[in-house]
Structure formats: C-alpha cells, structure tokens
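Two complexes come next, and they have one chain in common, chain A, joined by chain B in the first and chain C in the second.
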Partner chain A sequence: MFPFIGAIMLLLFAGLLAAIALPRRSRAVGSLFSAAAMLVAVSALVSSFLSGAVPAPEQYFNYISQFGISFTLQFTPISLALTVMASIVAFVAIYSGNPEKSSEHTATSLLLLFEISAIGLFCSSNLFIFFIFWDVGVITLFFMIYLLGSANRRRAAIKFIIYEIFASSLLLFAILLIYFYTPIHSFDISTIIAGASSIPQHVQILIFALLFIAFLINMPAFPLHLWLPDAHTEASTQGSMVLSGILTKFGGYGMILVFQMLPISSTYSIYIMALATLSAIYISFVLMSEHDIKRIIAYTTIVEMSIILVGISSANPYGIYGAAYAMLAHGFAISLLFLVAGSVKHTYQERDIRSLRGVVSGSVSSAYSFITGIFATTGVPLTATFVGDIMIFIGAVTAFSVYGAVSIIAIILIGAFLYYVANKSILSTKEKLPVQEYIGFSQKAGMAILIFFIFLFGMLPFIVTNLFNV
Partner chain B sequence: MPDIGYAIVALMSLLVFSSIGGVFHRKKTIQLAASSLILVALAAVSACALYLQDSYSVLGALLINPFSMLFVLLFSFTLLLINLLSYDRSSDYPSFSLLFSFVVVGALVVAMANSIVTIVLGIELTVLPTAFMIIINGKNFVEPAVKLFIMSAVSVSMLVFAVILIYPYDPALSLMGYIANPGIAGSYLVMLSLLLFIAGISFDAALFPFNMWIPDVYQGAPANITALLSGVNKKVAFVAMLEILFVLLLHLSPIFSVMIQALAVITMFFGNIVALVQNEVKRLFAYSSISQAGYIAIGIAAASQLGVESSMFYLFAHAFMIIGAFAIILWLESNNVRSIQEYRGLASRNRWAALCLTVFMLSLIGIPPFIGFIGKFLLFSSAISANLVWLAAIGVINSIISVYYYAKVIISMYSGIEKTPLKMGTSIGIVVIICLIAVVAIGLYPGPLISAVSTASNTLIAM
Partner chain C sequence: MLPILVVVPLLAAAVLALLLRNNPEPVKYIALLASLASLAIVAYITVYNPSATASFDWFNLGSYQFIVSVSTASTYQLLLLIIVAIITPLIFLYSIGFMDVPSEQPRYYFEMCVFAASMMLFAMSTSLITLLIAWEMLGITSYLLIGFWYDREHAPTAARKAITTIIIGDVALLLAVVILATAQGGFQYPVAGAGTGVLFLAGILMLIAAFTKSAQFPFHEWLSDAMEGPTPVSAFLHSSTMVKAGVFLVILMLPLFNTTYLLYLILVVGMASVIIGVTNALVSRHIKKILAYSTIEDLGLMLIPLAFGQVYAALALFFVQAFYKALLFMSAGSIIKANKGEEDIFKIFNTGQSKVVFITALIGTLSIAGFFPLSGFFGKYAVGSAVSSNVAVYAILVLAELGTSVYIFRWLFLPMRKNPQHEIGAGANSVPLTMIIPAIVLAVLVLFAAIVFALPHSGVLDALVLQSTNTTEALVVNAVAAAGLIIAYLVYVKGNRFYLSMNNSHIFAALNNNAITNGIYLAICSMFLHVGKIMGMLDSDFDYTTYRLSYNIINSGKLAKPLINGQTNNYVIGFVIGVLVLAAAVLYVVI
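After this line comes the complex of A and B, so read on.
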C-alpha cells in the first residue's frame, strides 16, 4: 500500500524547507512541491474510488507512548475529501494568489506550513495530534494576517488570535476530559467513539459544551462569528483564500467528530439546528448592508458554514456526509471568489461595489469566474455545492421535518444579493473603471483549476460519495 | 558502579578549586573553559548514571538514583548555559566564577540530598552566592542584592525552624523513606513544620504570597543573574519541595495538596494579571515566571505519580524556555533595548532573534508543538486525573490570559521597521540555539524525557 499521507507530508515539508532556503524562487519552488502534493492527494482519491475503500492507516512512530499517543495518520472518507480540497486550494493560493508579488518568500513559507497543518489535522487519527495541528495552523494564519495584509491587519489579526486561542484552550480542556473519562484512557478517535457512551452524563454535557463552543468559533456561526469579517477583509488574497477555504473547515470537521464521538450531542441537535438556521438568515441580512466585495464574500462563508452546521446537527448519514461534501465544495467556491476579488483589486485598485463598474469589459476572466463562483456558492446544479446542499437538506428534513429546510431562505437571499452585485458592478458596461494593471497567466490558470474542480465534483459526485456509504 | 558517584563529588570539588585558582591567575578564557568543561563532564557523568539506573548513596550524604541524576543533569546543563551567558556580561568574571561554583555545588547537593539538613544547606548555598553575584556588578545593584539576601535569610530561618520542629519525631532527618519513621505521623507540630517548609521553600519557588521580592530583584539584577534565579534557583527550590513533600511528608499528602492548590491558583492569577500591565520586558518575564511557578505547583497539588512526573517535566521545559528568553533579553539590554516600545521593529533588525524569542514565548503560552505545550498538557492531565477538574480549568483560563501579554511583545517585535541591524554575540547565540533546539526537539519528540521523568518519579516516591 502506497503511504499517500506520508508522501504528501514529506513533499510539503521538503517544499517548506526549499522555499525557506531559496528566497528568490520561493513561489516557484512552493508551487512545484504543493502541486506534487496535490497530485498525490488526487491519486489517493482516485485509487480509493477504484478500490472502493480508503487506504489503510499509516503509523509512523510513538509520540508519547506513556499516553498511548502514536503519530498515526489515516484517511476516513470525510478526511480524504477535505484533504483533496485543502491540497488543491493551497496549491492555487500559492501559485496564483499573489498578483502583486509582495513578500512572496514569507507568504509561500507560511502557506506551506499551513497546508501541512491542515492536512495533518484532517488525517490525524487521534485528538492529540489533531490539537497540535490545529494550533500550528491557527498560529501560522495569525502571522499570515499579521504580516501580509492591508492597513488595519494588525487589529484584525489580534482579534482573530484572541478568538482562536480561546477556542483552542477549550478544545485542549475538552480533549483532556475525554481522555480521563473514557473507560479505556485513549486519545484515539475510533476508541473514543466506541467507549464514549460510558462517560458520565454530566461530564458528557461539559465536554460537548466546550467542544461545541470551540468549533462554533472556528466555523464560525452567528454569536461567535465576529472575528471573521475583519480577518478576511484585512488578510491578503492568499490569506483569505486559505482562511475561508481551509481554516473554517477545521471547525466543521471537528463538529462532525463531536457528533460522531459523543452520543449526547444528538439530544441537542434541534437547538443547534435552530441556532444555525438563525445564523444563516441573520447573516444573509447583515451581508446586504456591506459594500466591500471581500467583506460580502466573507459573510457568505458564515452563511454557508451555518448551513453545513444544519447538516451536521441532523446527525444522520445524509446530513453529516452532505456537510462534508458541502465543505469540499465550499472550499473551492469561496477560494475562487476570493481569488477573483484579489484579481479585481489588482486590476482596478478598487473593492467597493458602489464604484466598481464594468469588470466584464476590463477583465473577462475575472468577471466570468466571479459569476461561476456565485453559481457555486448558491448551489446551482452541476456545481459541487448543489450535491452537498441537496444531501444536507435531505438529512435535515429527515431529522427535523420541514423545519430543517428553513435555512434555504438564506441561500435564496444571498443568491439574490450576489446576482444583484454581479449585475450592477461586474456585468454592467455603461460605465467603465480604468484598468490599472492586467492580471497574469497564473491568476487565470488558478481560476481555471478551481472552476474545473467545482464542475468535476458537481458532475461526478460519485467519486467521493461512493466512499460515504449513505 | 559507585565510582560514578565519587566522580560527581570529585568534579564538584575540582570546579570549586579551579575557581579559587581562577581568582589568582585571573585569565577569563581559561576559567570559562575549565568551568564549562567540568560542567559538561558533570552532565555526561550524570547522563551515564541515569542510563545505568544506579541506586546507592555516596559518602553517606549524597544519593545517586535516577531522580537525583536527572536533576544533576538538568542543573549542570542549565548552569553551563548560564556560565556561557555570563562570560561577556560580567565585569569581574573570575570572582563571578568562584561564586558560581558555590551555586553549582548547592544545586547539585539539593538534587542528591539524602536528608533535610543537606537540603537546607544546599538551598542556602545556591541563594547566598547569587546575592553576591548581583552585588559585584557595582553600586547600582546593591538594592536587588540586599532584597534577595534578606528574603533568603527569612526563608532559611523558616526552613531551619521547620527542621527543628520535625526533629523529635524523626531524629534521623533522613529522606531514605518515611516508612522507617513511624513516629512522624499525625502531630500538630509536624503539621506546623509542613507549613513552614512550604512557606520557606515558596520564597525561592516564587509562589504567592512569598514572591514579592521577585519582580524587583529580577528587574534590578543583570539579566544573566535573572536567568540564573529563574532558570536554576527556582528549580532547586521545587526539587527540594518535591523531595520533602513526597518522601518525608507523603502521609500528609491530602493536607499539603489543599495548601498547594490554593497557592497554585493565587500564584497563577497574580503572575498573569500583574504581567498584563507591565511595560518593561524583563519585569514582564519576572511576572510570567511567577505564573509559571503556579503551573508547576499544579502537578504537586495533584499529589500523584503523574503529578510529580508532570511537575518534573515542566521544570525541564521552563528552564530551557526561560533561559533562552533571558539570553535574548540580556543581549537586547546591553544594546539599550528594554521596554516593549523599544522592541518595535526587532524583526527587521535581527529576524532570527525575533523568531527565537517568538518561539520561546509561544512555548511559554503552551502552543504546540513546543516543549511548553507538552508540559502544560501533562500538568492539566495530572490535575484532571486527580479529580481536580476545576484546577485544570483555572490553568487553562490562565493560559488564555497569558496570551495577551506575550502577544503584546510578539506584535511589537513584528511591527514597524528599524534600519539599524543588531548583531548577537557568539556566546549568547550558542545559548539561544541550544535552548531553541531543546524547546523544539523535545516538543516534537517528548517520549524519552517523559520516560526518564517517570523512572525518576518512581524512585522518588518509592525511596
């Protein structure tokens, strides 16, 4: 059996070292190694599709043998999907997310480190390794926002790190509680799933509350989302792409783990569904009062993640796997939108939709990629989000009858608003803003890659869903 | 092999004699080479003994077992780093070296002590020379030196009183095992003596409310002595606390556990909250060092095998983190960079130094994959496994609070651009790199250190 995850991690690590060692060619070297990692990830997906099962776990060494923690990486169907998504999005971010070519050395190194932590997190077989990769990813992104971003980046970065460190402390505490209250003391996720039902009720409630808040901050959803709009607006294009495309999936993946591990969580599913629905609809109204194109896109992340939370809260296979598929799709869609926003900013030096006019005549590829991105975000058929959303709502309606589908309103609302934006500032040809600088080949290629995967996973969902056994 | 024990004693006396010689010939380089070599030899010999897992006593006064050898290894290694740091910094290196050799002997004697009297002697031998090491730097250093001297006098008088109180119940005063002294159980005088032991040691271990001298002395002393105080003296006090509480007074563990819990909680909150408003980086690290003492106390409060292990692990972790951080602070201090505002743009002046300091601070917060995370993870685990979930929760809350002031320094270093580059001296650079390697390498692969610590805690509790 070919050790896919080991190969991915090794390639990325080699890429990281090479990018640090070669400051002048860091972007080229980084793109090369992350492209190789992407190919390995895609071939892992293809090989598991052909064989009908995910590859076997890969155990490397004992990390802390006294606590039974081994450095074991494994694919579950969900983590395989997310790994493929993360490797593609990170590659595109490294290759084409930086048309200004500013601080390429720092950006590439941080992105590669973040990619390592993201893939490590999705593939970790125990919560200890999960937590380590979580924190490494968060700190890396903190520096990504803090060092490379627009004028108010420092404030946004600090807000981000305060929320995230709070979340990770809750996470650490919950993980320790899980370890000491499961009958066989273990951090191993499969062992915990087997033994979690014998954790005393009140401890389970405590663990659930801690994990739920931690992951809700990271996803994010309504009451705890305040770090996200600022962080996305102030981060560089590359930063926003991985922040929205990959980091928010940490929380989604964690939430799926919570529902798989703790039997008590299904008791609260109706409340979580209500919260998520409220969050989706509320945020879609908040979004309409915004003018900054990056801020608008950032808010759509919250809406989509709330809908994913609806899917997870239904706690049945359709909902959970639908949420996983929607996360895969959302990673492509949102990073495409941020890439377009960055390219538009590069072309016109403007991000305000009130003065942005006639993008279609100045930068055709950006304009149509933006339209495709909107399709992908609102779940138009043949895009990957459609498959994910359909599965989520099947699951939600099964669990909560018709109330599960209330959050469709949010999709309609953001769809209407985004088409309005596209009509007014992207597609209008009456007024034209003067073009400052055209985007290069790499941006167009990046958009093409993302669009390709959006439609690939939209038209051939069975590549992934066959592994899901729903 | 009893020879190894004699080798340690021989090396200790060789160090003292070579330092006495150094005062006369006054050749700095030779003195540095000699003391460093002897410390390396001590580290090597103790590592060898640790590997062989010997267990016997030497000269009837010093114990050689995995516990003592582990801390002889730690102390000789950290003292070696501080010796390197002090070379450029001290105006009178040969005199410093002589006083320093006493500190070495004191620290090693505490690690290997087999009776309470030896422990008190060893603590005294580490603290008093430190006060003189501060004062030989000039008139400006009288105040911190006197503060340290008076506080150590108070702490020693408490310890001696504690020893006197326990003497009627345990005339041997031996740490060879409390089972041999059944007369010790359950007297109020023994309880009082326990109280005095904890109070006396808390002066050096920086536990609230006995830590009021810490910020002034840490800030006033030269940074290499601050590193010594925080990296070695505090560890010596904690080792003494482990030995006294878990060998001599183990039967009182329910009582001292409650006391240490209270001390841990107050110390953590005090250190972290006061650190929030500090503006001078050295003083900030003094308060951070207080709060870290609170974390170490969590493990002692758990009063279990895992608790002892985790405290011992964190002693290692904190020694490397804080010595690395103080090495960089020392270097910046000699370039007149002191307050958080003056740290602005450090990343553009010397990016590697900024990166190293960032790593040390992230590790102090407890961010993986650094050594501090593993340490805090073990400490909180020990609290939860001893059914002290609330104590672990308070530890976690304090970690969150501490993010703020460490982040303030990190942010200051990475904002703004300063044109004039700063170059780091070789000896400080070596210390920083060694600490960085320890922090990252043990963080990535903590297995060997954890198993060493667990063997050591076995011998401590079964002694």
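After this line comes the complex of A and C, so read on.
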C-alpha cells in the first residue's frame, strides 16, 4: 500500500524547507509542493473509492510506547474527506490568495506549516499527536494574523490566541482525564472508542463538558464565537481562507470524535441542537447589521458551522456523516468567498458594501465566483453543500422530529442577505467604482479550481459517501 | 435510458455555449438544433415508448437511496414534457431575432438551455431528489435570466426580489422532502396522504414552495418585476416553465393535500391570486406587466379546480394556457421591438400597421378572453364547470373572466391607436422574420390545439379530457368574453382611454394593489434588517462585556499590590501571622 499520508507530509515538509530557503521563489516553490501534496491526497481518495476502503494506518515510530503514543497516521472516511479539502484549500490559498504579493515568504512558510498541522490533525490516530498538531496549527495561524493582517491585526490576533489557548488547555485536561480513566491507559482513539463506556458517569460528564467547550470555541458557535469576526476581518486573504476553510474544521472534526468516543454525549444532544439552532438564527440576524463584505462572509461561517453542529448533535450516522460532508463543502465555498473578497479589495481598494458598486463591470470573474459562492453557501443542488445539508437535516429530523430542522430558517436568512449584497455591490452598476488594479491569472485560476471542486463533490458525492459505512 | 436523452442535447448546447464564448456566431443555431433534437426525442417517446423510465443510483446512505429517476409513464408528466418540448424551439427561434447583440448570446443561451433542461427534468422526475434538483436549478437559472441585463437600472433588484421569494420556496421544499423521506424511509412520491402530524407540515411546506414558484398570493409580486428580463425569457417563464412548475407540484403531490384544511388553503390562495391578478392587470400601463398579472390570474384559476379535486379541469387550462401566453408575450416583444424598446401602452401607437403581428396578437387575446372555438375557451370552460357546484366561487370566476376580457382588449386596443405624428410605430414592419414565424406557429396552435379534446382518449391524450358538456356554461363563458370586448371597446376606443389608468381615486388605489404588496414586502425586509441591527448591537455589547470582564480580571491583580510594597516590617508581620495560623491549625488537628 502506498503510504499516502507519509508522502503528503514529506512533500509538505520539503516544501516548507524549500520555501524558507528560497525567499524570492517561495510562492512558486510552495505552490508546487502543495499542488503535489494535493494530487497525492486526491489520488488517495480515488484509490480508496476504487478499492472501497480507506488505506491502512501508517505507523512511523513509537514515540512513547508505554503510554501508547506512536506517530501513527491513519485515514478514516471523514478524515480522508477533510484531508482532501484541506490540501486543496491550502494549495489555492498559497497559489492565489495574495494578489498584492506582500510578504510572500512569511505567508507561504506559515501556510505550509499550517497545512502540515491540519492534515496531521485530521489523520492522527491518537489524541496526543492530535493535541500537538492542534496547537501547532493554532499558533501558526496566530502568527499569520499577527504578522500579515490589516491595521488592527494585533488586537484581533491576541483575542484569537486567548480563545484558542483556553480551548487547548481544556482539551489537554480532557485528554489527560480520558487517559487516566480508560481501563487500558491509552491515547489511541480506537482504543478509547472501545473502552470509553467503562469511564464512570460523572467523569464522562466532565470530559464531555471540557471537550465540548473546547471544540465549540474552535467551531465556533454562539456564546463563544466572538473571536471569529475580528480574526477574519483583520487577517489577510490567505489567512481568512485557511482560518475559515480549515481551522474551524478542527473543532467540527473534534466534535465528531467526541460523539464517537463518549457514549454520554448523546444524552445532551437535544440541548446541543437547541444551542446550535439558536446560534444559527441569531448569527444570521447579526450579519445583517454588518457592512464589511469580509465580516459578512465571516459570520456566514458561524451560521454554517452551527448547522453542522446540528448535524453532529443528532448523533446518528446520517447527521454525523452529513456534517462531515458539509464541512468538506463549506471549506471550498467559504474559501471561494474569501478569495473573491480579497480580489475585490485588490481591485477596488474597498470592502464596504455601502460604497462598493458594480464589481461585475470591473472584474467579471470575481462577480460570477461570488454568485457561485452564494449558491454553494445556500446549498443549491449540484453544489457539494446540498449533499451535506440534506444529510444533516435527514439526521436531525430522524433524531429530533421536525424541531431538528428549525435551523434551516438560517439558510433563508443568509441567502436573502447575500443576494442583497450581490445585488447592491456586485451587480448594480450605478455609480460604479473605478478599478484600481486588475486581478491576475492566479486569482482566476484559484477561483476556477475551487468552483470545479464545489461542483465535482456536488455531482459525484458517491466518491466520498461510498466510504461511509452507515 | 430514453428520458435522460431528452435533456442531453440542451446540456451539451449549454456547454458549447460556454466554450464558444469568444466566437458567439454559431451558438444560437446550436441551441435551436439542440431544442429541436429534444423535441424529436420527446416525439419518439410519445409515439413509440410512452412509458419509458430511467434511473441511476446517485449515492446511498444507509437505508436512504438517493436515486435520480425519470419516467414518462404518467400521462400528466408526459403532457408537461410535450408542452415544454414544443415551446422551447419556438422560444429559441424567437430569441435569434430578439437577442441581436452577439456578445451576450453565449451567456444567454447557456442559461436558457440549462433552464429548459431543468424544466424537462422536472416534468419527468419520479423521485423527490430529482424533483428537488430540477426545482432549485429552475430557481437559480431564473435568477440569472431575470437579472440578465444587470447593467439596466431595475434588473438586479428585480432578480433579487425573485430569488428572495424563490429561496423561501426552495428551502421549504427541501424541508418537505426531508420530512417525507424520514416519514417514508425513502424518496418516492407520497401515495396516500395521512394529513396529520409531520405530513400535514410537509403538505404546508410543499404548498409554500408551490406558491412561491407559481407567484401566488402572498408571494406573487416577484413575477411582475421579473419583466426586467428579456422578453423571450418572459414568454418561456410564463407559458411552460418555472411558474407552471408550482401548479404541477400541487398536481403531483395531490394525495398529500387530501385534508380539508390544505384544500381550503389552495382554494383561498387561488381565489386571492385571481383577484389580485385581474385588478392589477386592469390598471397597469406596462405592456408586459399586464400579461404578468394575467399569468398570476391564470395560475390561480388552475389551482381552484385542484382544490375541488378536479385535476382534469386544471390540466385543460394548463395545456391551453402555455400556447396563448407564449403567443401574447411574443406579440408584446415584437411590439416593443418595433417601438424601439417603449413599454408603456399609452406611448405605443399604430401597431395595427403590421398585419402579422396584429393578427397573431388578436388570436391570442380572443383565446385568453375565452371565445369559442379557440383553445382558451376550453380551458376556461373546464375550470368553470369544475367549480359550478359552488355558487360563490363560480360567481367570482365569472367576474374575473369579465375582467380578463376587459384588460386583454385594453391591452390590444390602446397600442393600436392611430397617431400620424408618431412614426416609430412604422418600425413594426422591421420585426425580423425569426420573431414572426414562432408567433405564427403558436397562433396556429392556439387556433387548433382544442382538437385534442375531441380526439379519442389514448396515451397522453388521456390527460386531456373535458369532463362534461354543458351548453349553458359554455354560453356563459362566451357571453362574458363578448361583454368584456364591448366594454373595452366602449371605454378605451370610444370613451376616455385613460379611464382607471391615471387618476388617483380610491378605486384606482384598490385596483392598483401591487404598491400595497410591495410596501408590505419592504416592511418585512426592513423589519428583518432592524432585528439584525438590534442583534448586531447585542453582539457587540456582548463582545464589549467579555472584553471588560477579562480586563477586570487582569486588573484584579492590582488589589494585591499594597501587600507587596517593599516594607520589611509588613513582610515580617505577615510571616509571623502565617506561622501562628499554621501552628494553631497543627495544634487543632493534633488535639
């Protein structure tokens, strides 16, 4: 069996070294290596589809064998889907997320490091390396915001890191608790899944609470979402793309793990569903009061992640696999929207929808990509989000009857508002702004790649869903 | 595999249109050929293999099989497919003349081909998943087509209004499909409607979806704004695609609505839409908007017999309306083209000069008014006889038909006025042949389509039956149409042609109620935006509170500052107190 994950990690690591060593060629080198990694990830997906099963785990070395900590990377169907998404989104971010060509060296190196940590996290087979990759990813993105963002980036970055480090401290505590209370002391996820039911009830509740808060911060959803709009607004385009496209999936993936590991979680699912529904509807109202196009898109992330949380909380295979598929879809859709926002900013030096006018006359590809992004966000059929959404709502209605589907209202609300933005800023050509600078080929190519994958996974969902064993 | 072949040429043409972006010359002919190929396949299916099916497993998830399946086994569905297949080539032929700017043709034909293909898919779909895909594809392509001329002032706003209404229906249908799928354990069409619990909710959601698509009260106002799109799009949208999908959904899902409340809902909404359509059409001055309100009325008329369970009556009107409405829109487009884009019926003159345009328009108006033996008569008659058992409904229908006759002849007479100073009407002779021919074909169809009711029932003709022949009711339809013609002639030709069109009386305000509807829509939207503002303020307050809280926690360290002031005697006192407390504690434990 070809060691796909090892190959991906090796390519990315070589790319990272090369990008650091060649400051002037960093973007080209980084794009090359991450494109190669993307091809390996896609071929892993194709080969799993052809053979009908995910590749075997790849063990590299025993790190601390007496604690069951080994550097073992493995694909589950969900992590394979997320790995493919992460590799594509990171490639597009490196290749086309920076029309200004500012600080390419730093940005490319950080993005490659983040890509390594993201893929490592999705593929990690034990909670110890899960935690390590989690922290590497979070800290990398902290520097991404702190060094490369816009004017108020420092404050946003500090806010981001406070929330995330708090989350990771809870995560560490919970991981240690799990280790000590499972009968066979181990960090290995499959061992924990097998033995978690023997953890005493009250400890399970504690572990669940800790992990739930940690992942809720990262996803994010309603009471703990405050870091996200600021971080996205202040981050560079590349930063926003991976922040929304990949980092928020850490929390979603972790939440799925919680529901798989701890049997107690399903007793709380109704409350989680209520919280997620509230979050989706509340945030879709909040985003109507915003004027910054990047902030609006950032808020749609919270709405989408809340709907994904509804799917996870249903705790049945339809909801959970639907959530995984929706995360895959959301990664493409949201990074497309952020790429468009960055291109529009580059073209017009303007992000405020009150003064932005007539994008379609200056940058046709941005305008159409934005509208495609709306289709992908609202889940029009043949985009990947549709498959995820319908699975989520089938799961939610199965678990909670029709009350599970109340969050569908949020789709109407964000859809209506995004079409309003499209009408006001993208299509209406009255008092249009002068073009400052046209976007280059790489931006258009990046949008095309993302749109291609949105429709590919929307039209051929069986490539992924056949692996889900329901 | 036969039914899938129907949409293949259109999708191929759509792809070709995208590829030929820089060389648009052949695109229009490719699209026309593709639509003719589809028509040929539909004709083959109808004659040789009327119950063809095709299905393929899209993906499976546990017990849910997401199957895309199409079939022409149901005569209703075959009928809709035939209507769409006949209208599409005519629209594409008309477009060759109407859309004469080469640079915008690839985009236009791409969107039109996808639009037509999704409607055909909708017509043939036999699983809820296929239905949902086709339904939402119709919605987004109509958004793109209505906003096609996005550089015009009102087009983006009209498109947004349409999509905002449509997205409500799309999400409602998605939820209805999810509820039905979980209740039945699969995506097949519901066969028996137990009208309780979740299925009742699914029924309401299906109806909301149907009303948004069919522009029925209270979701009707997007349709008149949709006139901002190119005229061939309007002709297509109003005759056979899009708005017809809503009514057809009600026909398909009729078992689900088999409870009194939902049938009442259909009846009330249908009646309200009929009234709204007629009143607005009576006072509108826009040559296409009059027809748009007329479509709202037609669709309401199709819903009313459905509330009485009379599917055949609805289908009769469904069938004939496609031809006369497409014809009327094509006439309107030709008149607009001849008058260099003028759309106000009071500023258009001399349309009688072009005999062909005038005669085809006259055939359309006579048909919609309901004169025997034009096909429109049979539709109106079928609807009338379906509801004649209920006197109140029947009376309102007769009044509505009188109104129809009046506004449609107003629509015909006003642009006909002779005005020698106005030379622009003379351009009527410059209407290209590609716009004339489809209108003639449609006029022939309008004249003779009624023959199908007399043919022996077999195959698809099973769907087209007149349930009864009642001479009195037939006479009523004709008498009402004639009365409307006379009133329109007396008022708008002999009398004050501005009657009910210019003054701001209460009657005018009551008739011109689209302003009220738009006001309500605006109020709802601004209410949402206001709630959004409040929520936004709440969110930033929340943000500020957490900020203050963390700030205070960090600052609370300052409380301990006086203790660490560098004075050694304080430290010594503290040390002694500590030792004493410790000693006391030890003593307490030991003793």
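In this text, the second predicted complex is superposed on the first by the 470 of 470 C-alpha atoms of A that agree within 3 Å, B and C clash if a C-alpha of one lies under 4 Å from a C-alpha of the other, contacts with A are read in each partner's own complex, and residues count from 1 in each chain.
Everything that follows uses one rule, which is that contacts are C-beta pairs under 8 Å (C-beta built on N, C-alpha and C of every residue); 3 or more make two chains touch, one makes a residue touch a chain.
No experiment lies behind these values; they were computed from the predicted model shown.
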Combined model on chain A where chain B meets chain C, clash or fit: fit
First, second, both or neither for A:P381, with chain B first and chain C second: second
Partner chain(s) touched by A:F180 [first = chain B, second = chain C, both, neither]: first
Touched chain A residues, chain B compared with chain C: C
Which of chain B and chain C A:F131 touches, first, second, both or neither: first
Which superposed partner A:T398 touches (first chain B, second chain C, both, neither): second
Geometry of the superposed three-chain model: angle at chain A (Cα centres of chain B and chain C, steps of 10 degrees): 160
Contacts of A:I165 with chain B and chain C, given as first, second, both or neither: first
First (chain B), second (chain C), both or neither touched by A:S355: neither
Contacts of A:Q59 with chain B and chain C, given as first, second, both or neither: neither
Which of chain B and chain C A:I139 touches, first, second, both or neither: first
Superposition-derived minimum Cα distance between chain C and chain B (Å): 7
Footprint overlap on chain A, where chain B in one structure and chain C in the other make contact: 162
Chain A to chain C touching residues, read off their complex: 162, 226, 282, 285-290, 317-318, 321, 360-361, 371, 375, 378-382, 386-387, 389-391, 393-394, 397-398, 401-402, 405, 408-409, 411-413, 415-416, 419-420, 422-423, 427-430, 461-462, 465-466, 468, 470
For the chain B and chain A complex, residues of the former touching the latter: 362, 365, 367-369, 373-374, 377, 380-381, 384-385, 389, 392-393, 396-397, 399-400, 403-404, 407, 411, 414-415, 445-447, 450-451, 454
Interfacial residue positions of chain A with respect to chain B in the complex: 62-67, 131-132, 135-136, 139, 143, 146-147, 154, 158, 161-162, 165-166, 169-170, 172-173, 176-177, 179-180
For the chain C and chain A complex, residues of the former touching the latter: 57-62, 64, 132-133, 136-137, 139-140, 143-144, 147, 150-151, 153, 156-157, 159-160, 163-164, 167-168, 170-171, 174-175, 177-179, 181-182, 198, 201, 528-529, 531-533, 535-539, 542-543, 546, 550
